[in-house]
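Per-chain numbering from 1; labels A, B, C and D assigned in written order.
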Amino acid sequence: MGATLHDEVKMSTNAMAWIEFAPGIDYKVLRTSAETGVWTVLFRCAKGSAFPPHLHYGAGEYFLFKGVMDYRMGRAHAGDFGYEPLGVYHERTEFLEDSELLFTNHGPIAFVNEDMSVKMLLDWQFFTERAREAAA
Amino acid sequence: MGATLHDEVKMSTNAMAWIEFAPGIDYKVLRTSAETGVWTVLFRCAKGSAFPPHLHYGAGEYFLFKGVMDYRMGRAHAGDFGYEPLGVYHERTEFLEDSELLFTNHGPIAFVNEDMSVKMLLDWQFFTERAREAAA
Amino acid sequence: MGATLHDEVKMSTNAMAWIEFAPGIDYKVLRTSAETGVWTVLFRCAKGSAFPPHLHYGAGEYFLFKGVMDYRMGRAHAGDFGYEPLGVYHERTEFLEDSELLFTNHGPIAFVNEDMSVKMLLDWQFFTERAREAAA
Amino acid sequence: MGATLHDEVKMSTNAMAWIEFAPGIDYKVLRTSAETGVWTVLFRCAKGSAFPPHLHYGAGEYFLFKGVMDYRMGRAHAGDFGYEPLGVYHERTEFLEDSELLFTNHGPIAFVNEDMSVKMLLDWQFFTERAREAAA
């Protein structure tokens, strides 16, 4: 009697706790998909924090609410939107001010060594598990 | 000599002009894809404005920055995130305060008549064309 | 203790019954997704059968196993693969021999009237419901 | 004056040359996407050939035309369709007869060492580059 729809979701991100990702970087998980591998998070990045070198094995998108992010494309300020296509290598992503951004990645991100070998794959499973642990 | 990557994009949404969608509702186009049909926009919705009844033929996602949105799931406030799955029918989406939201839809939205027949399909082509006209 | 994976599926299409789509055209449903709206079917199209004019609101892909299909791009024969992007209008798709094809569509297809108004939207829900009825 | 559509494609796979993947395994590239990372290929796998252990960082789908494939889900025969979700680990995929299959993967596949560290990531770029070299 009709195909079953996915659940509709409304969540208050203000009521959620930040989870630590790395020194100076915290996140809240808004959505992960076990089907497509997409993951959407809020990142809060303190002035001086940075993401290590990584390769995009899924396209990324960000919307910066607050702060200044310095990366491959230059400096992003509050109100800037960016699209990071498949295959892009981001040598460094540094935060010059306390920053907050909404970030979606359509698949895994590979943190890599200097020879581009894969150190760690960051994907929907990582964020799903951390969000579950945080909720427990 | 290597597969060609898509263009990486960084855009300042503050520098873009609002385009009128309907009385009280304006938008800025951040991204449209001719391959997947996804479209990402910023909506600015004045207090009292509303979206007419529509069916989601692609899942939608919003992040409300500012204001209050009243819809099928109740009231969303600044900082709220929502996921609107495929097949969901939104009878009304009303703004109780001046509001701004980032909105992504993965495919078309059908504005429908009372008998659910399709009045108009809102899709990536609509936003791509309007963004082009606005830029010209 | 770990993110839950989707179900892995292996199905024998030979053991499935054909379901009637239209005179001379039958199908078997291999997969539908309530999350992305993608649907994958096998179509069996008798010589002389045809799909009515339609617009692709999701990209389509086919692999023809058997027969001859005559459409916008010319004649496809057994072993031909086609990609039908978003927004493409197929005025007619006719089968000149008894044909079989694997077909995936990433979203809805709109069967349209002469003035391009939407007559009917064919989507994942249609195929999910029919497959359920056939299985019951 | 209208949004630009992607190219519509019709290709005769019978006219294409096989490219060697590994001993006993050849492929033809039907489609790769620089935007989504999806890749669709035909694989021809000789009796006794096998894919090494791998993890799916993108869901996979196959349709077996010919032969017998022995893998995690048991034996697949001609006419069988399979869906391999994100996160699935396939320790071995062996061909018990000369086989042919259409295969689509929605992102990268990681060939892994015994400790699950990543040996090599197989993705859209790999197939795009090989197809270009073969065409040159």
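One rule holds for everything that comes next: contacts are C-beta pairs under 8 Å (C-beta built on N, C-alpha and C of every residue); 3 or more make two chains touch, one makes a residue touch a chain.
Here the structure is a predicted model, which is why all the values come from computation and not from measurement.
Taking each chain's centre as the mean of its C-alpha atoms, the one that lies farthest from the centre of subunit B is D.
Between A-D and C-D, more C-beta contact pairs join the chains of C-D. Remark: subunit A and subunit D have CA centroids separated by 28 Å (rounded to whole angstrom).
Look at where the CA atoms of subunit B average out and do the same for subunit D: the two points lie 35 Å apart. We define each chain's centre as the mean of its Cα atoms; on that basis subunit C and subunit D are separated by 22 Å. Shared interface positions of subunit B, defined as residues touching 2 or more other chains, are 3, 5-6, 34-36, 59, 85-87, 124-125. Subunit C contributes residues 3, 5-14, 30-31, 40, 59, 61, 63, 65, 72-74, 76-88, 102 to its touches with subunit D in the complex. Across the interface of their complex, subunit A is touched by residues 2-6, 32-36, 124-125, 128-129, 132 of subunit C. Taken together, the subunit B residues at the contact with subunit C in this complex read 34-37, 57-59, 85-87, 106-108, 110, 117-118, 121, 123-125.
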